[in-house]
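All chains are identified by letter, namely A, B and C, in their written order; residue positions are counted from 1 within each chain.
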Amino acid sequence: MKRLRRRQELWLGLLGVLLAFGACEAVGRAGVVRRSYLPPASEVLARAVELGGDRAFLDGVGATLKAWALGLGLSVAIAVPLGLLLGSVPLVDSAVRVIVEFLRPLPSVALIPLVSLLLGTGTETKVALITYACVWPVLFNTVYGLGETDPLAKDTLRAFGFGRLSVLLRVELPGTAPFIAAGIRISAAVALILAVATEILSGFGEGLGIFIAQAGLATDGTRDVLAGVVWAGVLGLVINGVLVWGERRLFPWTPERRAGGRGGRP
Amino acid sequence: MKGAAAPVRNAARGPAAAGRAGGHVLLRLVVLVVAVALWQVAARAHASVYFPPPGQIAGRAHELWFSGPVGRLFLTDAAVADILPSLGRMAAGFGIAAVTGIALGLAVGRSRWAYALCNPVLQFARAVPPPALVPVFVVVFALGTPMQVASIAFSAVWPVLINTAEGARGTDPLRLDVAAVLRLNPVERLWFLLLPSALPRIFAGLRLSLSLSLILMVFSELLPGTADGIGFTLTDAQSRSDLLTVWAALLLLGVLGYVLNTALLAVERRLVGRGRTTA
Amino acid sequence: MALRRLRPGIARPAAVLAALTLLLAACGDDKGDSASTGAGHTKLRVAALPLTDSAALYLARDRGLFRKEGLDVTIQPVQQSIQALPALANGQVDVIASANYVTFLQADEKGTLDVRILAEGVRVAPHMMDVLVPKDSAVKSVADLAGKKVAVNILNNVQSLTLNAILDAKGVGRPVYRQIAFPQMGPALERDQVDAVHAVEPFDSAIQGDLKAKVLLDGGSAPVQSLPISGYVTTQKFAAGHAKEAAAFRRAIEAASKIATQDPNAVREELPKYTKVTADQAQKIQLPVYPAATDPAQLRRLTELMLKQGLLKKKLDPATLLVT
């Protein structure tokens, strides 16, 4: 399999998007369903572009992104030190595993009723839920990455008399960094979906999801709902692209086949 | 980085290793018991309607679902009416997502340009929040089970697809050359070459997809026309301000998630071998 | 893997990211005391549904009735009143308009929220909600409804409560309820996924127009005529701590309700401003009753009905929840 050049990749990607758009448009115009129930793709796209000029809408998107950034940042701040601890001290790892194994599978969406009763319906609730869901991929990737560190490097430093903490910071942390980055990439996607989904489900407050939820209340609001969905998808695409680019720049030595995708996605 | 890891059989390591493993299990049990005890004490002390003590929660769960006749594994009518359909729908959705994801993922991963073509569309589709698609689903699918299964499958397919594609991409080119030399036909190449080398990544994707399916199951029971299910019980209890049942449903979801995850991990260990699997 | 220091380039972007995060955290929401006084007007935050139920609220705002009482009211839209319950409980809003009594009385009974009713909102009027069937439906009369699938907006709530009461009075068996949000009732009915829908205005008229659906039963017929269904609720904490503002709010709402009753056109003109109803649709839809005074006797009819159908576990006298 030949490697594709970066530019070829971009053109092909664009072609893929156009083909998908064309398919949706064809289905929409085939008249299988009533127009107001399912508008064709071109109308949705036009509305999405129109929303880009709406101040109130953009404020909502900003609120969503704020919750996203805070949630992601907080989850990294918790998960990385915790992961380093768990990866270094097997006893603590074993002990904490049990609790982790029970907490992790709990769907974060199921927690919305309780958390919002406690924290209200503002940024706090969203950040709390996002943090809860995004801790796991980063945590597991950190632990996994820690295990992949070159034992030779560790032994060399220990032989020179460096303490445990020093070894951790100088060898294991930089070595784990690409895995942590992959975990962050996964968590970023989860965080965005969760931010919008939480807003849709709690239905009150500020954000992109609120716009989608309230559009859903109108008698022919599907076009607005889908336009909001387009915005959500594009945001996800952009964030993913930026993070992938960032990873390539920061960690160019890591091969393309990486441990991304490990760890649970609650 | 794991390739097609052959099953690593642990040679008999002797009683020392077994003792250590047993010690770990004991430690975990102790930690679990201590955590629950602390929770009980804290909830009793705080006495808030939002935080019922775990004893009460377990009691409600028992009353709702597990106080039935012995012949039916202690399941009550409500349990059979709610839990089984939910699990069935989740299994169906996850199954469809797994099969479709693996098939499409292998197809896309095999050629560079197919991957480049599909990648942005896949990243876009995977970023769509499931609850936003309700109007689309209502129009396309029949109310009730078809819509729910479809919504689970639609959102759960992406981790499997993307991970399978990446796994297939990572096949060692040397092996592909060997396959060419041996003149393997496409089916043989798929079965003996692509699939085994992608298997670890496929399982990573399946595990993500499984935990996603659990969430999606709850989501799908918010769809119009739902009449039963665990997620339905959860949201119905919430709209009636019945917080004790909300907690009971959460407890059930946590336990189910744990059991399913462990089961999948066991399957993965059999098929892929005792490599370095996370979690 | 060889020894490797972190690339020098990582320090700066990491610092920027950290600073950005802190900055965002600093300008987070502050859940401060919402009813703050400024320039003589007390600020009040009200959550409201974009439905006909909230018309009196918007009338009061747009006709200056709030300003006259010294209140500066901001209105935040919400999809279902229960979604604003967490915000009310946490002090992020002060009052919920068009709050579904059934939901909030249950919340009060379960202890999730200490509810007070500031003022009545709307009562059932003829044909403000109807049971609709497709024009070629096999369900020809009310008696046929027994055992059929009827769509309601929220299960075990006002719609099923009133419909059950009407059917009980006629001696007809209960239908099977399915929960479908109002906007999706049209598509569901068109595809025969339910036998009938129980739709409220403006969806009632919209479905009749789009699908030529027939009205099988008036959702406002006896014995639920003029039954209160939604109103203005707040918490005991707010009512006790801001008694003057609460009284002022009630006076403004009652004055607006009086306008709405005497001049329905005022409501019809107001609707397109805060809902997605067009001016055309607004002229044709059936409006509910906007009571100009709160009547505990009517509310008692509701609580007794709820008790009879098992939506409340214990007898509740709504007069105890009124803010006098």
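The rule is short, and it goes like this: contacts are C-beta pairs under 8 Å (C-beta built on N, C-alpha and C of every residue); 3 or more make two chains touch, one makes a residue touch a chain.
Predicted, not measured: the structure shown is a model, and the values here were computed from it.
Taken as a contact graph, with one node per protein chain and an edge wherever two chains touch, the assembly is complete, since every chain touches every other chain. By the count of C-beta pairs in contact, the leading chain pair is A-B. For chain B, the chain with the farthest CA centroid is C. Chain A and chain B have CA centres that are 18 Å apart. Chain A and chain C have Cα centroids separated by 34 Å.
Taking the mean of the C-alpha atoms as each chain's centre, chain B and chain C sit 37 Å apart. With touch defined as above, residues shared between interfaces to two or more other chains in chain A number as follows: 37, 117-118, 216, 221. Looking at chain B, residues 50, 134-135, 139, 243 sit in touch with two or more other chains. Among all residues of chain C, those that touch two or more other chains are 112, 181, 183, 187. Note for the complex: chain A touches chain B at residues 1-4, 8-9, 12-17, 19-20, 33, 37-38, 91, 94-99, 101-111, 113-114, 117-118, 140-141, 143-144, 147-148, 189, 192-193, 196-197, 200-201, 209, 212, 216, 221-222, 225-226, 228-229, 232-237, 240-241, 255-266. Across the complex, chain A is touched by residues 1, 24, 27-29, 31-32, 35, 50, 111-113, 116-121, 123-136, 139-140, 159, 162-163, 166, 169-170, 173, 176, 201, 204-205, 207-208, 211-212, 214-215, 218-219, 222, 231, 234-235, 238, 243, 246-247, 249-250, 253-258, 260-262, 276, 278-279 of chain B. Chain C meets chain A in the complex at residues 1-7, 9-10, 17, 20-21, 24-25, 28-29, 31, 47, 50, 76-80, 83-87, 89-92, 112, 181-183, 186-187, 190, 202-203, 206, 210, 276-277. Residues of chain C that touch chain B in their complex: 82, 103, 106-107, 109-113, 151, 154-157, 178-181, 183-184, 187-188, 191, 193-194. For chain B in complex with chain C, the touching residues are 49-50, 134-135, 138-139, 142-144, 224-227, 236, 239-243.
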